[in-house]
Each structure stands twice: as C-alpha cells, then as structure tokens.
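What follows is a pair of complexes built around subunit A, which joins subunit B in one and subunit C in the other.
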Partner chain A sequence: MSSADYVPSASDVRALPERAYDRLFAGRSRVQQSVIAITLAAVLSLVAFGVFAPESTAGRLFAVLTASSTLAATLRLSVPIAFAALGGIFAEKSGVINIGLEGLLIIAAFTGIYATDVTGSVWYGLAGGVVASTLLAALFAVVCIEFRADQIIAGLAVWLIALGLAPFLSSVIYGSKNTDSVATFPTLTDMGIPFVSEFVTWELGFVLDLPVVGVLDLQSSLVGLPFFGALFDAGPPVYLMFAAVALSWYTLNRTAFGRWVKASGENPKALDTAGVNVHRVRYVAVLLSGVLAGVGGAALALGIGQFTGNGPTMVNGKGFIAIVAYLFGNYNPVGALASTMLFAGLDATQLTLQARDVFNVPTELVRTIPYITVIVVLALFGRTRLPSAAGDHYESGEDE
Partner chain B sequence: MGRLVRASGFERFLISASALLLSVLIGAVIVLGAGRMTSCETAAYTLAFPGAFVTQFVGGDALFAMGFCYDPIALYDLLFLGALGDILNDPTNGQFATTIAETTILLFTGVAVAVAFRAGIFNIGAQGQLVMGALVTGVVLVYVAPPLAGLGVFAAVILLPLGLLLGAFAGGVYGAVPGALKAYADANEVITTIMLNFVATSIALFFVSREQFFKDPESFANQTVSLPDVAMFPELVFRARDDVSLLALAFGIAVLVGVWYLLRHTSFGYDLRTSGLQPDAAEYGGVDADRTIVSSMTLSGALAGIGGAVYVMMVLGNFQPGVPSYGFDGITVSILAGNNPLGVGFAALLFGILKSGSIVVQVGSDVPPALVGVLRGLIILFVAMPEFFRMAGRKFGSFHQPGEQPVATDGGTGGGVDE
Partner chain C sequence: MTQTDTAVRLDAITKRFPGVVANDDVDLAVERGSVHALLGENGAGKTTLMNVLYGLYQPDGGRVVVDGQPREFDSPRDAIDAGVGMIHQHFMLVDTMTVAENIALGNEPRKWGGLAVDSEATRREVVELSDRYGFGVDPDQTVADASVGVQQRVEILKALYRGADVLILDEPTAVLTPQEVEDLFDVLEELTDQGKTVIFITHKLGEAMHAADDVTVLRDGKNVATVDAADTTREELAELMVGREVVLEVESRATDVGDVVLDVDSLSVLDDREVPAVTDVSFAVREGEVFGIAGVDGNGQAELVEAITGLRDPETGDVAFDGRSVTDDSRRERIEDGMAYIPEDRQERGLVMDFDLVENAILGSQHSPSFSSRGTIDWQQSREHADAVVDEYDVRPGNPDARAVSLSGGNQQKFIVGREFERDPRLVVATHPTRGVDIGSQEFIHDRLLELRDEGRGVLLVSSKLDEVQGLSDRLAVMHDGDLMAVVDPDDITEEELGLLMAGEYPEGYEPRDERDAMEVPQ
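== the complex of A and B ==
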C-alpha cells in the first residue's frame, strides 16, 4: 500500500510516516528501539545492495530472498506454524496454556500420512490428521480441566507422548521411523479447478512502466510473476491458512463465542456469573486448538508426502515456534501470521542458502538462525500480558 | 506445579506408583493395538475373552478370539527383567552393566531438572546442557590428557575431576543463558530451553564434522579423537568393555545427597525452594528473585553438564553427535521422583532399567523399542494429574480418611505437609 491510498480516519489524521514511527518506536525500551532501528537499516541496505549492486554478497543475498521459490518455501513452512499458533491463541485466550502444540503437530503429521496411505486421498489424510490431533487435544483438555493437572507439565506430556507414539506406530506399520512416501497436495495450477486454475496461468500480456520500480514485465501469467508468483501456485493448505487466519480473527473479535473465550481467560468468574459454562468454553477452545494444529501437522507431512520420525521428528520445534509467533503477534491472528511468516521466511532463506550454496556458509550454524531469532524475539518482545486466568484451574461454585 | 510440590511425601509416592502402573497398563493396550495393525504368521498373544465368551453360548471353536502380533506380557518381561540380565548367576553381566550406566547418567539429568523445578523453573534444556557439557569435556580432554598419560593413576586423579569441572562449566553457562533471559527479559524458559536444545545439537555437529575443528581425521564418522584410557572412569567391578563405572555411580549418588543437603539445610536451598513455592513471599522475605533464577538455572545446567562429562568419560570415550535423550528422560525421572533429589535415585534406576530393557526388547522381539518413549510421556501425564488419583481414591475409599481436607485444591488450602 502506498501513502496515496491512505485515507485518514477520523481518529488519526496524522501522516502515515508519523503513525508508522509511533507504531514502531513509541513506548518501547532503548534496547527494543535500537534492535528495530538496526533491523530496519539492515533491510533497507539489503534492498539498496540488491538494486544497485546485485553482484555483491548482500546483493546476491537479496536475490535469494526475493526469489519466487523463497516465497513459495516461506508459505509452505508457514502452514504448520500458523495453524498451531491459531490453535494456541484460542486455547490460551480461554485460559488453558497449550504447550503441547508440538505434540499435536507430530501426531497429525504421522496420522495424515497413514490415513492418506490407507485411503489414497490426501483430503482423507488431512481429515485423519485432524481427528488424531483433536483426540490428543481432548485428552489434554480432560486432564487439565477435569483433573486440574498442571497445564505446562500436561502439555509437555502431550508433546512427549506424541514424540514417542508417532515413531513407534511408524515402526510398527512401516518397519522404520520414517513412513513410506504417499501422494502430496497438488498446487493450484495442477488442481484443475475450473476457471481458477486457468486464470492463474493465463498470460496477462501487458507491460507496466512504473516511475521508481522501472519496467515491470507482466507478459507472463500471475504464476510467472517475480516473487509474488508463488502466491498463485501454492497448495490448498496455504489458502486454507489465510482463510483460517481471517476466520479466527472474526471468531475472536466479532462473535459471542470469541467474547466467551476471552472472558474465560480474563475473568472466568464473571463469565460464570453471566450464565456461561466456563469448562465448556475451555473444552471447545482446546479442542479447536487440536483441530487447527491437526490441519497444520497433516499439511506439513502431506506437503512432503512422508513422515520422518528420527530425533525431534519432522516437526522439529515448529509447535514451540508457533507459541512464540502468537506471543509476538500479541494473540492477534493476523499478528501471529505476520510473525509466523518472519520465522518461516528465515527458515526458507536458510534452506535456500543451503540448497543453492551461494555463500560458503556452514549449514549447521545457518540452521540455528530461526531458533536463535525465536529466542531473541522472545527476550525482546515476549513480555506480553498473559490472559489473567491463563494457567489457572477454574472451579465453578455450583459444581461442588 | 505448586500442587505437586505441596503434596505429602507418602501421597507423592502413591501417585508416582499408580502413574507408573497405569502407564504400563495403557502401554500394554497400545502394544496390543499396534499388534493388530501389523501382520504376522502366528499370533504371539491370543485374547480368548470375546471368543470364549461367545462360544459358550453358540458352541464351536473360539471363533472370535483375537490374535495379536505382540505379546505385552512377554514384552514387559523383556523390558523389566531383561534389563537385569542373568543377575543371580552373574551380577556383572553386560546387560545389567548397561542398566547401571544408563542409571548413572540419568541421576545427573534427573537431579538437574529437579533443582530447577524446586526453584519454580521448567528446565526442558537439560538435553542441550548435557550436549554442551559432553562436547567441551570431550574436546578439551583430548588436548590435556596425552601429556599427562605417563603419570598413570595420578593422571586419572587430575583428569577425571577436570573433565567433570569442564562439563559442569559448559553446562552451567548454557543453563545460565535461559536463566538470565527469564530473570531479566521475562522470556519463558520452556521455549528458550527447547530452542537452545536445537542450537546445541547444531553447534556440536558443526564442531565435530569439520577437520579444521575437532573431527577425528582418521574416522569416517563425525566424532572427536578418542580419549586415552587414563581419562576414562575406571570400570572397577564390571568388565572394561561394558562401559560402566561404579566410581561414576558412587559420584552420582554423592551428588544426589549433596544436592539434597543443599536444598534442605543451606540458606541458598531455602531461598531456592521458597522462590519455587511462593515467589512473592520469597521476594518479600528479602530473596533476590532474579539472582535466584539465574543461580538455580546455572546449578541445574552444571548438573546436566556433569552428566554429559560422565557420558563421555564413562560410555563413549570421545564425543559423538546424536546424544540419546537423557535430558528428556531426566524430566520424567524428576517428575516421577516428585522433584526430590533422593527420589531421583530410584526413578533413575527405574528409567535405567527401561532404557536398557528397550535394547533387550529390540533384540528379543518385534516390538519397536520406541515404546519406551510413549511410556515416558504417559508417566509424566499421569503424575501431572494427582487429582485423578485423588478422585479415584475417594471413589474407592482408603486413599483419604473421611473428613480430611483434600490436599491443596486450587483454593490454596495448602493442607498437605511439605515432606
């Protein structure tokens, strides 16, 4: 969006740069301000190098970052994190900290592959993953809500159960911790949806002459666009992700259920007084986190067509990254998606760097970049205000 | 967590024992279920119940008897008794030696997690701290040990404590990082320690996969140069090839007692425990909460790092990436022991048996040894829900005397006696 599109609202009539400045720097600590400033400067200089000195090291890095394949990988890697983060928002907003998202992703990833293998359809596979993840989330909900377990320890247990169960079942069924390969999700162009699949590959056939950017060759189709082309040639999970983010935002902010979820986490007593069953709201919220994480986990495995269960499995900490993503996004689904794209983008960049071998970088250390970024982000911006009743068990006075 | 800490010792024991029993039962169900999902020539285990029940009415053979490819009873026999080997005739047999070795390392990771838990901190990063301890010990001793090798026994007297100190230092530093992040930046330690586990694995792989750093140039595998024998724990009673040392075990038990004493009878231990139980009260009482967090995480990391040093100097003899999940098992050990350092000893032995038994299972049956990972999670889940057992106890009587206050419900009655 350029500043020309900006329509000043009644509440804030200042210019966009001023508002952006406030948004970025106002009310932040020195350390946060300097980190934001350095990040901005780094991004700007990277763009400058990319435009004016494409042969330099920074210029080549810019080329890697703006490659269509990098965006494609970012979107693909965002899916499990974003879905898990959405699930985490619902659970935590309702007052149940679901630290077992990683486990839900793992069990959904394995079941997604197994169900696809049995039924032959990736969509049934996706459904299977959702069912498995929801069942595990139901177990977690019962343990936390009914039996008042410590939520953190129960969440860890969910993670460790899935971490043991998925490779165990894989060994039982496939004779190895890695499953056989099954079908994967087709991309939009291959899906053969009437109109849509043709539209994205349809030749646009015009040339844009923009003042600053220069000549944009739009001879090709939407799919062939530089960088943004990946948006039009992703698998269904990517579009599901965008839909889920919008739907979650709407549910949380515009529906009665959303208000109940928030009240259940902030002031369960008030919700109870208003005649809404707090336990039921929390059950639904935790089950919803199971459904959402299930889509994410199954989509992760079905994007590759195989479940790999060695060590931390193919999920590899994505469930925990999701927690940081929604904290960084301040429990807002859109914010969570934005921070998810940041972490997934870093992961995509390191994968591209490894694959292209542009720079002689040690792969083992590059691999740690997303994890270290998560720690830095958590340390600098993780001081979000938890819902006041998060982590606490609630007992209605009438239940006893 | 408060509820776990507050429950009385006896109740905690009952809860752990019931959790263990229930996990084993559910594990058996999972094994039976898994046995239905795979295929085999003849059923290893036949459940006659539905068949016999039906045939007594309709006659004929046990038509509906269910056959299972895995036999849970034989499996648990291998898992629990197999880990002991032929202990009556040969107390130093190889399998039992493995059990002791696993137990020894779990003592350290278990007590590491327990110390942090007592301070109200979830140290999920014992794995990473152990890896760092093992890496630094393995790498530094390679340079220090050869010049001292001529000294014989005296070399061991210098090298063993040095190795343990190196492990403690590396693990302590690596544990202090999430501690400081929690204390001064409010970063949730569960997330940071898990992230640091990933980072530790990558760093270790980086250093031992490159010859310009610490990779053994004569080996195809990614590993460091082997340590000379003087830098290894002496095997004492056991055979040398079994990679186990009673000296290391004794040291581990001494550490448990030391930590127990530290927590119970020193002012640092008192500060640490009150911070875990009542952070606000502790701060009011003059405890520097931030410093307590950092120092207890440093201590926790150091203990896990010592575990890594013992792993290198007792089991491996060098450093290799792909360290088994001692850190995660340490969480289960600590939770099962009610975060009591002395209880860690028994829980570690139990898990040592499970880990060693899983090898017997791998050799002696078709059941994948990954089952132990499932049991690990189940045990944590059940220990985390003491209320479940209390409810069950109330239903079937005898668990609580009638009229007694339920122990520490969420209203914070705190009726339980702390130890």
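== the complex of A and C ==
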C-alpha cells in the first residue's frame, strides 16, 4: 500500500491514545513511569487550575509559566549556556574534556564589555569576546595536546585564570570589579526591525502585494502572540544561538570534519592510521569551543551592558551547567539545546516566582528549584555514553 | 628476478629503541602477487619491521623500496599513497560508526563543494569493492555489532579503498575461529589472484606453512632465513625461530585420576552489563587431570572463571571446592584453601606493573604467616621467595629488584606461573596461560602444568588456542554463548569438529549435552 492510498481508519484513530501511552511508558522502569505519570498529572492539573481558578496558587503558577516574559527570559538565559555547551561538545567529542568552559565565558564576558566600551559597537564587542576566549582556549589546547597536561587540571586552571584575571583587569581599567555600563544588544523591535521588515516585504510583498506598513503590523502582531511572541522579539544572540545549534549539528553529522572529530574521540589511532592528523583535529575542535563559548560569554554580558566580577562573577556557574547540558543531551547539539532550555526555563520561572512571591516560601528555596529538577531528571533519564578516548592523550606511533 | 617482480624490498633496515635494537640490518624481498609470511617469536621485531614499512616508525638505517622506487615514509599517509596498507592486530576501527563510514574515514567523498560527505557514493564504492573480492559486508552495519571476522574484512577493505597493492596483516588469525581463519585464507588467495601482494605477521608455524608462498623468519631482530613454504617443515621453522630444537607436540594423558576437586553446579553469571554471560553451566574437575575449556573469546569463559575464583558473584548455582561449597567465600579464602589462578590479563590482574618482583611475588600471600607477622611484611622472607621463583621458573633478567613492567611478556607470564604454583595449590585455574608468549616459554609453561597434574593436582585450563587445549587436556569442554556445548575426548575429535562446536553448531555424531550427565563423572 503506497502512502497516497493511506486513509486513517476509525480503528487507527482509536489506537492513538494507545500509541501515545506506548511512547511515554513502554520500556521504562517503574520509577521512571511514576515520575512521568506524576509530571503528566501535575501539568494537567496546572492547566485546569489556570483555566478554571486563575486566582489560586496553582493558577498563578500557570500564569507565570505561560507568560511571554518567561519565554523571553528563558531564551536570554539559554544563550551563554547553549553556546558553551556546543563548544564543550566539539572539544569532548574530539577527545579533549574542556571543563574550562566557565573560564572561557568569564573572559569573553569581560572582554566583550571592554571592546564595546572602546569601539562603541556591540558587534565589535562580541568579536572581542570571541578573540579573548579563543586565545585562552588555544592556551588550553597547547597545554593539553602538545604538553600532555591532565585535561581536568588544565581545565580548572583555565577557569581560575579567568576568574582572577577578569575582575583584576576590570579593577585596573574601571577602578572596580564591575565595569561601567555600555550599550546592550537591541531586540528586533528596538532595532526598528530592519531586516525582518525588509526580508518579509521582499518575500511576501512580492507575492501578496502587502504594503510595508502591513508587514510591520505582521511582526508586531507576531510579537503580540501569547507566550510564543517572545520568539519574535529577542536579541540577535538568541537567533545566533539557534543558528549555531543547527550548524553544529550539521557539522558533526554531515561533514567529513565531523566524522574526524568523532573518530578522534572514539579511536584516535584509527584516525591516525587513516592518515588524518589527530592533533590538528583536536586543536580545531578546542579552538571551536573557544569561539562558541566566546559568543556565549560576550552575549551574556552585552545583554546587560555590564560585567560584574564579584564572587563567581556574572557567569556564576553557567559554564558548568553547560557541561551538564551537553552530557544530558548526549553530545547532540539539539539535545544540548533542549536540556539548556529546560534548565534556563526553570531558572526563569524561579526568578518570576521570586518576584511575584507565588509560593509563600523563602526565596533561597525557590532558587534551588532548577538545580534539584536537573539532578532528578539526570538521575532518572540520563543515558550518556562518553567518547571512549575522552581524556586520553594521543601521540602518533606510540604503543599503548 | 627483475625489479618489477618485487613489490617491496627492505634493504638493511635498522631500528633502535632506547636500550633495544628491534631490527638489526634486516633485508626482505616480497614478490608481487605472493603471500609472504613473517614468522618469529614475540619481540623478534616483526611488527616493528612492518611499522617501518608502513611509515609509523622511521628507520635508523636502511632503505624502503616499493615498486622499484626508494621511498621515505614520514607517516602512514605516505605509505598509503605509495600503495601500502596495513591491518593491525588491534583493529583500528571506530566502533560507533558504520562499516562504510569506517572504510572511508579520512578519504570521504565530498559533495556540495566539500561541505558535506557524500554518503551515497561511499556506500556504492564499498559495496563495489566488497563484491569484487567476495567479502559480503553490509555497509550500514555498525562496527560494534559486526563479528570479529567481519571487522577484519572491513580493515582489509579500508586498505583496498585507499588503493593498497601491498597489504600487511599483523597477526591476523589471533582473534578468529578456525572457520574464520579458513575464510581469511580464501580471501588472501582471492586478493593475490587479483594481483595484490600480502605480507602477514605470525608466530604460528602451521599458518605460515599453510597460507604463505614464502616464509621469512626473524629472531632477535635479525632475518634468520627466507624459505619456500613448500620446501620446509614445521620442525625446521621452529628451530629457526627459537634457535634450538623444540618439542612441539605435548601428548601426555592423565594416568592417575583422583577425587573431584572442583565441582561447578548449574552456575549462571552476569557480565558487566548485567547480561547473562554464563547460563546454567555444570562440570567437575578431578585431581590429576587437566579439564580444558575451548571457545572463542567472549563466550562467557572470563565470567565463568571469575565466578569460580571468587572475583565475580554468580547469579545462581554453586561452586564446590574440595567437597565444600565456596560460593560465598572471598577470593582470599579461596587462595588460602589452595585455589591458584593464572589470570587472562597478566598486566591487569596478574601483576602490579610498577612493583618490583619481590613485591609481586607475595601478591595474594601477603597475609600468609610465612611472609608477615602482626601486619608487617617480612621483606627478607619475601625476597628469598622471589629469588626462588625467579630461579626455578627461569625468569629473565633474574633480578628480583626489577620492576614487573621491565620484563617481556613471556617472562612476566613465567613469573606469575611460578608464583601461583609455589602456593602448593590443589587446583590451578589457568586462563590463556600462553597468550602472547613465545614458543620457548610456551613449552616451559605447558611442561609445568603437566608436571603439576602428574603430582595429582587439578587443572582447569581455559584457552582459545586449539592446539593448546587439545594437546594438554584430558577432557575438553567447548564453550559457546555462555554454555558448554559438549565435553569431548580431545584425542577423538578433529580440529574441524571443534571449530564447529566453537561456532555453536553440532557436527555429525555430537549431541547437545545433557546437563544431568555432567554430574556423573566418568571413571
């Protein structure tokens, strides 16, 4: 039977809930099944409360979760984590565990602000952050690949160097651990939506003969959509993030370089004997992690317009969360983005919950929600397989 | 012989490593379209020589000539470009990738201006090559799911895909079943028929004689002789390899068999992934006999042995030692009861590589009153013990202060055998006791095992080497997929029948084993 002849029969339709049930529960352990069931029940009752009793605690929680501002915050919080996670994927898939992502984010955040301050352009600022992070990643690469340092220790060193250096430079230049405020990335609306309007006009104006003002209305009406409106009014880093995820996925899965990265992390000797220089592949992968983390770090700081360097700095563990994100996403860029957004979404929710005081509990407890959820989810559903040669040095011509 | 008839010529190759001359002025000429065997003991320099030809090592002296042209290979890439391909002993494959992806690795056909891999073209070329030489591999299979024999073909295809005319195979039969070995030799014949040249490294005499046209013997890094395979004998080759006369066949059978010393009853064991590795296995080993277990590696032998020696908890079933159940006893209690163990991986389990021989000599007996009192080790006693083992078992160099890592594989193994036998055991569990050991040490270890048996001890011998288990065992079990296929008389069964059993098929005249029979020990 070809697909053209296919007409769903009544029994197929009746089987739908059954199939949904299979997808959710089949082949899972008892604990996993009960967690899924509880989550489902919780989501359904949240929706019910939101619709029928909007003034109850659950109803207000529903309102928080479905607010367009929550999605906007989620996207904003995702950017540094997702970029660092993508960088971590390239490095670790090639066999170099880069736990210095946190340090790369910090140095890029500071340099992003400084370069913006000097040049007056956020785009030059972004470029400056990328350069700084890539240089630090290059140092890490040389130490790990050429001089065979322990990757974990070298990664920690990268973090500690940046953790000390960025606030120090800020003190020297700005007289305080926090920099002066500079320009921030505008959102599409702020930018007068230049490229959205032109692009849409060009595409639609031709076909539908819409006046430009109509197109402007289209964009603003998209922004006005409940919840999803945030997708059409974010800053350029958010769109860069989606593009980077797609590009990373393509690079890893469809290009020769992606295959070499995989082979370099699984069996470097196989790659070497196939005539590909393992060191070169690993250098490129680690430098790529520097570039990607650089975009993330600079975007983080330029979203606020200031670098704050007290304590763990404004990066505040996002580089380490990124490691969790890509491990949970099993080294798949799309999976890493999904787990990043899960974490960022919980973080955005807890921020709003704090602000609106929905639950009558101390904010310290509310703040732990994302971390606890991630631990539970990881423990129950994490199925990560590390590349076989991750963390191992490789020298051509040496016997193991 | 004209220039063009010689595919590869090595002139006076010398390769030194710190403290060792691995290749000493070695000449080698390989005729085009022939199979050339490179025969020698472990450490004779065979693999080093081929790594030089493949560009992995740069020689300290001498010249590589391919197709009549002197070449200098700085890396395998150069060798590949000159048409030389090598299939290593440990396969150089990426387990998580498919067959086709592995074959094309590093030479991926591109499309869209290099922006994407052309997977279709890869598949097409792989299928074409595979068909031409009758390999029959599935390009979309993940390598981790492919059998060892298939993985080897993938390696060969990888070399052919890169345009190799000369194929070097390093110990290609080490991991194969007898049937797979035959298939491999058919493949080699097909390759030479189509004009390819094959060099294979081996330390097995029979293979060199059976599959090769010419045999070059290396000893201590030197080329001892190159002979025509048709004009030589096993005895001659063995003597060339070892440098003295060697007794090849051990055929001595148990004469005085006593009581059951090890009784394994319906034992089931899980592997590290919690998958059943051994299912309901029963057998018994008696005093004064060698009970052999043959089988392809990975059919549950490792888990079975670990359950018997106390390194892994069985799922169900019972292990009785000397008439008493020891299933819940620790490894230490079993050692103290007299169960010695020669482990499969001497560097992982047999020795602490960074310890010297004095320390290694008392591993497992460190609690024994002869070596310690009140928690302090008596190093004087330990040293005397280590000296005795080194002397008695001819461990070289005979220096008990040497670290284990500095010994060759054969000497490490002799040391472990010595240590275990000196415990005065009632049962020895020996797994692959001669794996990676040269012929001289092999002969020595075999003799010691038989001596022990003749003294009335029980020996459980697990090995994937057919000639070894068949030659030494008094009764021989064949293990396949976690179960004992049959217990046979090693004198009555042919190698082909054993091969079938190892592959999980019953040859004519053999029946699936009834587990209940196993409990009754034939007298």
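Heads up, the rule we're going with is that the second predicted complex is superposed on the first by the 322 of 400 C-alpha atoms of A that agree within 3 Å, B and C clash if a C-alpha of one lies under 4 Å from a C-alpha of the other, contacts with A are read in each partner's own complex, and residues count from 1 in each chain.
Methods note: contacts are C-beta pairs under 8 Å (C-beta built on N, C-alpha and C of every residue); 3 or more make two chains touch, one makes a residue touch a chain.
Predicted, not measured: the structure shown is a model, and the values here were computed from it.
S.K.: Based on the superposition on subunit A, does the combination of subunit B and subunit C result in a clash or a fit?
M.R.: fit
S.K.: Should A:Val143 be classified as contacting the first partner (subunit B), the second (subunit C), both, or neither?
M.R.: first
S.K.: Between subunit B and subunit C, whom does A:Lys269 touch in the aligned arrangement: first, second, both, or neither?
M.R.: second
S.K.: Touching A:Ser396 in the superposition: subunit B (first), subunit C (second), both, neither?
M.R.: second
S.K.: First (subunit B), second (subunit C), both or neither: which does A:Arg254 touch?
M.R.: Only subunit C is touched by A:Arg254; subunit B is not.
S.K.: Between subunit B and subunit C, which makes contact with more of the residues in subunit A?
M.R.: It is B that touches the greater number of subunit A residues.
S.K.: On the A-aligned overlay, A:Ser171 touches which partner chain: subunit B = first, subunit C = second, or both, or neither?
M.R.: In the superposition, A:Ser171 contacts subunit B only.
S.K.: Tell me the contact category for A:Val324 with respect to subunit B and subunit C: first, second, both or neither.
M.R.: Once the two structures are laid over each other on A, A:Val324 reaches subunit B alone.
S.K.: If you stack the two complexes on chain A, which partner ends up touching A:Pro362: first (subunit B), second (subunit C), both, or neither?
M.R.: Only subunit B; A:Pro362 stays clear of subunit C.
S.K.: Check the residue A:Pro186 against both partner chains and state whether it touches subunit B (first), subunit C (second), both, or neither.
M.R.: A:Pro186 sits against neither subunit B nor subunit C.
S.K.: I want to verify one number: the closest Cα approach of subunit B to subunit C after the superposition, in Å.
M.R.: 6
S.K.: In the superposed arrangement, what residues of subunit A touch both subunit B and subunit C?
M.R.: Overlap of subunit B and subunit C footprints on subunit A: empty.
S.K.: Would you tell me which residues of subunit A are touching subunit B in their complex?
M.R.: Residues in contact with subunit B: 99, 139, 143, 147-150, 152-154, 156-165, 167-169, 171-173, 177, 311-312, 316-317, 320, 323-324, 327, 362, 364-365, 367-368, 371-372, 374-375, 378-380, 382-383, 392-393, 395.
S.K.: In the complex, go through subunit A and note every residue touching subunit C.
M.R.: Touch residues, subunit A against subunit C: 254-256, 259-260, 262-263, 266-267, 269-276, 388, 396-397.
S.K.: Under the definition above, what is the set of subunit C residues touching subunit A in their complex?
M.R.: Touching subunit A: residues 51, 56-57, 75-77, 80, 86, 88, 92-97, 101-102, 105-108, 110, 114-117, 158, 162 of subunit C.
S.K.: Please output the residues of subunit B touching subunit A within their complex, sorted ascending.
M.R.: Residues 1, 3-4, 30, 34, 37-38, 122, 124, 181, 185-188, 190-192, 194-196, 198-199, 202-203, 205-206, 209-210, 322, 328, 331-332, 335, 367-368, 370-378, 380-381, 383-385, 387-388, 391, 409-411 of subunit B touch subunit A in their complex.
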